[in-house]
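Please go over the structures that come below.
Two complexes are shown next, each including chain A; its partner changes from chain B in the first to chain C in the second.
Right after this comes the complex of A and B.
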C-alpha cells in the first residue's frame, strides 16, 4: 500500500489547476438541476470551491472515454479532372486522445470503466477509440462520504471505498483530503503535487470508509442470480408486469456508467462527410428494428428483459461471472416513473431455483460471488 | 492515407475503400456487387471463410451487413468478392444505385463461418429461401470445389416466383452439375416453369432426404426457417446436424454495440452461423 498524502481544499484545486496546463481536466460542475462532468480550465479550477467539485454527478463520467457522439472516420472524395465519374476516396481518422484527468468519480463510476473494458478491450477486436482515451486518462476517485438511499454497490461486489478502476483514491478528512495512489499512473500524477505525507490520517480514512459502508442497506443474496434470471426469460407475464409503467424514455441507459450500446451513422456525402458513433439505447424500439419490419424486441417488456438480463445474466455469463451493473443507482434516481432495477432483480430471482443443469449459466455466478467476497473483505475496513 | 493513428495495430471501424467492378441484376429486388479493395496490400492480405459477413457501406449513407457471397477461391480466381443485396431500406437503395467504378467501404471478414471441416465424409443438404440463398451459395460453391471430401451435395432453392429467383446465371450449371442434386421451386404456378411448384417445407418432405450422415444447412426468411426446421426434424434430422445462419440488425460487427445479442451471444461475433442445438440453449428471442 502506498502512502497517504494530505491536501487542503486550496491545495487540491491548485493542483488540479496546475494539471490543466498539460491535461484535459474533467470534473463535476453544477449546470441547472444537474451535476455533469465537464472540461474545466486552469482558471476555473483555481477559483473553484473544492466542495463544488466533489458533488455526485447526475450523469455518469462514461463520456470521458465514450463521447456521446464522436467521429470514427472522415471521408473526402475528389473527382478525376479527365473523367468526373471517377472518384478517389480518402479516409482519415481523428487525432489520438488527449491526456486527461478525470477528477471526482465515485468508486462505482470508476468500476464502470472496468465493466466497459471487457467488451471494448478484451474481445477479439479492440475498440481503438475507447482504448486510446482509456490509456490517456488518469482517474481520480473520491471515496463516498455517505451512501444514498439509491446506492447498492454492495450488491455487486463493491463498497463505497472500492479502488478498483481508479488510479488515485481520496477520502474527505478533517480539514481536507487524504489521497492515495492506486496505480503507477496515479502515483506519477501525484508526484510533484507537493502534498504533505499523511500516514497519521490512516485511521480517520478507515473510519470514514467504515461509516460509509455501514450506511448501505444490506444486500440480498445474488449468488446464482445470472442462472435464475436466465430461467425467468420466458416468463413473459413477469416482464410485462414489471415494465407496465416504463415510458421507454431511455434515461436509465443514458445515465448508466456501464451501458455500452451505440449506433453508427453517416453524415454528409461521399465527397465530404463522416461516420459517427453515438450512444444508443436498448430501451427504444428502433434499436433492433430491421428494415423488413421484423423487430426481435418490439415490446417494451422484451427490451427491459434484455436490459436487466444483460446486466445480471448475459454479461456475467460472457465475462466470468461479473455483473455489468455497478450499483450507482442513477437509473433509480432519474427514472420518471420510479422503476427500480433492484426490485426487478430481486423479484426476478425470487422463487427460482438455481438448478444444477445448464452448464454455461451455472458456472458463471461462482467467480462473481467469490470476487465480491474478496473485494468486500479487502475493501471493508475492520469494524472496531 | 487510409491508415489509423489511434495507437492500435488495427482499427476495426475503418473500412477498406473498394471499387465496384461489376453489378449483376439478379431479380427485381436483388443485385450482386463485385468489389475489390483499392489498397493492394490490404487486398492481398484479405481472406475469408464461407459464411463470414462484411459491412458494406456507401459513404455518406451508411453501412449494412451482408454475407460475403463468393467462396474463398473467388478472390484469387476472379479478383473480386461479391455481396448480394436486396433493396429494402436507405442503405440498400443507395447500394442498388452503384455502378461499376463507384467507391464503397468494406469491413470484412466479420463473424464465424460454416464448420465445413467437421462435415467431411457426410452428405450436405442445402436449403435456400429467397435472399437466404446468398450465404448458401458461398458454402455450397466451396463444397462443390471440394466435392470429393463430401457425400452427396443437394440443393433445394425456392423463391416466390421465377423472376424472384437470383443467381440465374448459376442455375443451369447447378442443374447439370455432377456433384450437386438441384431442386428449384416457386410458391405459385407460373407459365413455362419446368421445375417444382410448392412451398419449401412441403417440397423438402417430398424429396425426403435421409438424415443418416447428412448435414442440413438452411437460410431464409423467419417463417420459412420455422417450417423448414420442423420438416427437417420430421425427417429425422437431429438439431446438432441442422445448421443455419442468422440475420439481425448490426452496427459494429465486433460484439460491442449491443443490439444483435441472443442472450449472452452476439450474432455478429459468435455467429452468424449456429447449429439448431446451439440455438436451443439460447433465449428464444428471434
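Right after this comes the complex of A and C.
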C-alpha cells in the first residue's frame, strides 16, 4: 500500500512517547510472569526497552475496545421534598472515547477486532460504546517473528503477517523495525514520525514473513466445517467425551480476543448507581439460567459445545463463512487442563459429511474456509 | 457527613441480639457516656457473623470492626459463640496478609447486664482505632508489581525419570475396569510433550495412554464430586490424595465409590518455568526426562534443565509424596521428608517481608491484571459449590461486576475464607491462574494459622473434621481478647 519506513528501537520508543502526549498509549507490559496491555505514560515509553514492548500478551487486547467492565450510564435520582414518591432522575453518559494507540498487537489480535466489528457495528443496531472506541483507536501491529507452538492462525484463513484489522504493521528487521501503514488512519499516525524511508528492507520483511509462516503446522481442511459442526450438535456422547476434563472455569472465554458476550447489571443503590456492561462467559451456568430455574445448558459439555460451535459454525453461518476464532491459541496454552480447541474442531468434523443442504445454503459463499486454504500456501495476507 | 469529615471514624459493630445488644442498651439506659463512632448492626448471634461481613466492611473503607457476643457457655443457641470464636480468631490472624492492621478488628463478649463493661469495650476499641487513624484507602496505595522469583530449595530430591512401576499400575487399572469399575481418572500426554491432560480411562487402550511423571500436574480430585454415586477410580499423587481424603471427610464423595490408585511421586513441574527457559513461543518438539534432568527439544536445539530449577513450589516442600490413602499402591513409596522449617510459598515469604501498606500495594498490583475468569475456583477440588458459588449471587451481592481491585480481591477472600481448614495445599488455584497471580498465599495464610492454633492439616484423615466445623468449650490455644 504505502512505502516502508525504518525505525531503530530508540526511535520507536521515542515516537510512542511523543504519541502519548495526545493519546492513551496501550502497550504490553510484563507484570510478574504475565504480559498485559496497559496505558503507559510518555516517560515510561521513552525509558522503555523496545524489546519489552514487543512481547506477546497473556490476555488479549480486546479490553481496549470492550473493557472488562464499563459504565454505560450513570443514574442519580433525587426525591421530591414535597412528594417523596416523585423522583427526578438524571442520566449521565460517560465521556467520549479517548484517542488511543494500541501498540504491539499481533495479527491475530488485530483480526479479533474485525470479528468483533460484525456483531457490534454491522446490522441495524450499532454499539455506540464499542464503535466510539474503535473509531478512536489506531492499531499498531507487530508481524509475528515466529509462530508459537499453540498458534493456528493458518487454520482460520490468516498468517503471521496478516494486516487485516491493523492500521500499521511492523516487522522486526536487522537493527530495528520496518513499519508500513495499512490504512489512512495508520498513515496519519506515521506522518511526522521522522522515520527514514526503507524500501530496501522490503525483501528482508518478505523473508521474515515467509519464515514465520513456515513455522506453523499445516492446517487441516476446514472447508465445510460450519455445516459439519452443526451436524455434530446433537451428538451428546461426543461433546461429553471431549469435555470430560473441562473444569468449566471460563478462562478460555476471558482470554479470547473474540469472545464477546456480556452481562448488564446495575451497581450502587437504586437512587445513585451505574449501569455496567461486563464480560460474561458461556462457560458459566448462570449464562443460560432462566428465571424459571431451567437451565438450557446445565452440563459443561453443552457449554463447551456452544463455544466451539459459535466460533466454527454459528458465526460463520451468520457472517458469510468467517470463523470467529483467530487462532491465537491463548485458550489452549492457558487452559488448566490443556483442553485443545484444535483437537475438538478436528474431532468434531471427522467422519461427518457436510450434508447436501437446500440450494440456498449450499450456494452461500464460504470465503474464509476456501480463501484461507490457498492463501496459507503462499503465506500472503488475505485480502477481502 | 461528620463521619467522613469530622473527628469520627467509621467503626462497624456486629452485636448479638441476646447479650451484647442488650449490654449496649443497658449502658444507654444508664446514660453512660460513650464515643459515637460505632455503627451497630444487630445480629441474632455472634455465630451469625460471617467473617466475610467483617472483610467486606474493612475492604470497603471501615476503619474498624467490632464483633461482640454472649460470653462462652452463655450462648442463647448453646454453641454459636464457640463457632464464632474459632472463625473470628482465624480471621484476625488472616488480616495482615492483605495489609489490614489486625488491631482494626476485634471480637469480645459482653452480656446484657454488663452495661459498664460495654461502655469500656466501646471506649477502648474506639480509642484504639483512633490511635491507628483512618484506614488506608485502596485508591491511595501505590500498586507494586515486583516479586522476587526466589526458588525454594527442595527438602527432598526431586526426579522426573520413568517410574518403573507404571506397567504394574496400568495392569491394576485394567483389572479394576474388567472388574466393573466405570472408568479411572488419570493423565495422558496433552498437546505437546510438556503438557499432560486429564483422561477418563474406560478401555484398555486408554489405560495404555496413561502417563506418570513430572507433567501430571492436574489434581484430579476436582472431578470426583461430578461422579458422585458412580463407581470410578482415580490415580493420585500424594497431594491429590489429600483432596480425595478431604472430600471423603466432608462426605462429598463416598469411600465405597472411589478406588484410589497411587504411586510414589518425585515432583511435578511448573510449565511456565520450563517455557521461561526456552525462546519466547518456542515449539516443543519433544522432551526426555532422566534422573532429575529434563531435556526439551525445540527447533533443532535441546534445552537442559533440572527439576530443582523448574519444579512447582509445592513439590519443593512436600512431605506427602505418597498417597495418604489408597486401594492400590504400586512400587516402593517415596521417602517422606520431615516437615520443612519454612513451608511458605515464595509469595507469602515476600509478603511477610513487607509492611502492611506495602502488602496492600502488592495485592493491588497483582489483582489489577485479574480477568475474573475464576479458573482458580474451577480448578479447586474443595470448591464444591460448583454452579452455586456465593460470589455469583446478586442477592446477597458479595461482589459487584466492577473490575476494581477491591472486587477482584474480595472474590479471592471469599475463596480463601471458604477454604479455611479445608484447603489441602494442592496449589491448583495458582497453577490454573492464566494471569499467574499468586493467590495461593491467601490460602496458606489461613493454613499456617490453623496449624498453629488447631494443629490440624486438611486431607490427612477421612474421618477428620475441619476445625471450623467443630469447637471446644475451652480453647486453650485461643487467648481471650479482653477489651474491657
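Please note the rule applied: the second predicted complex is superposed on the first by the 363 of 384 C-alpha atoms of A that agree within 3 Å, B and C clash if a C-alpha of one lies under 4 Å from a C-alpha of the other, contacts with A are read in each partner's own complex, and residues count from 1 in each chain.
Everything that follows uses one rule, which is that contacts are C-beta pairs under 8 Å (C-beta built on N, C-alpha and C of every residue); 3 or more make two chains touch, one makes a residue touch a chain.
Everything numeric here is computed off the predicted structure, so don't read it as measured data.
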item: Joint occupancy of chain A by chain B and chain C, clash or fit; value: fit
item: Touched partner set for A:340, first chain B, second chain C, both or neither; value: second
item: Partner chain(s) touched by A:87 [first = chain B, second = chain C, both, neither]; value: first
item: Partner chain in contact with A:123 - chain B first, chain C second, else both or neither; value: first
item: Chain B versus chain C as contact partner of A:263, first or second or both or neither; value: both
item: Which superposed partner A:238 touches (first chain B, second chain C, both, neither); value: neither
item: First (chain B), second (chain C), both or neither touched by A:131; value: first
item: Broader residue contact with chain A after superposition on the shared chain, chain B or chain C; value: B
item: Overlay on chain A, chain C to chain B nearest C-alpha distance, Å; value: 7
item: Doubly contacted chain A residues - partners chain C and chain B; value: 263, 265, 267
item: Residue numbers on chain A that touch chain C, as the complex places them; value: 31-34, 36, 55-56, 58-59, 67-69, 146-151, 215, 244-245, 247-251, 253-255, 263, 265, 267, 276, 278-279, 281, 284-286, 298, 330, 332, 334, 336-340, 342-343
item: Complex contacts: residues of chain A adjacent to chain B; value: 72-73, 75, 77, 85-87, 89-93, 95-96, 119-120, 123-129, 131-132, 135, 230, 233-234, 260-271, 273, 275, 277, 280, 282, 287-292, 294, 296-297, 302, 306, 309-310, 313-315, 317-318, 358, 360
item: Interface residues, chain C side, partner chain A - complex; value: 145, 147, 190-192, 195-200, 218, 222-223, 272, 276, 280-284, 365-366, 368-369, 371-375, 377-379, 387, 392, 394, 400-403, 428, 431-432, 434-438
item: Residues of chain B that touch chain A when the two form their complex; value: 1-2, 4-8, 10-15, 17, 57-63, 88-89, 92, 101-103, 105, 221-222, 247-249, 251-252, 254-259, 261, 263-264, 269, 281, 283-286
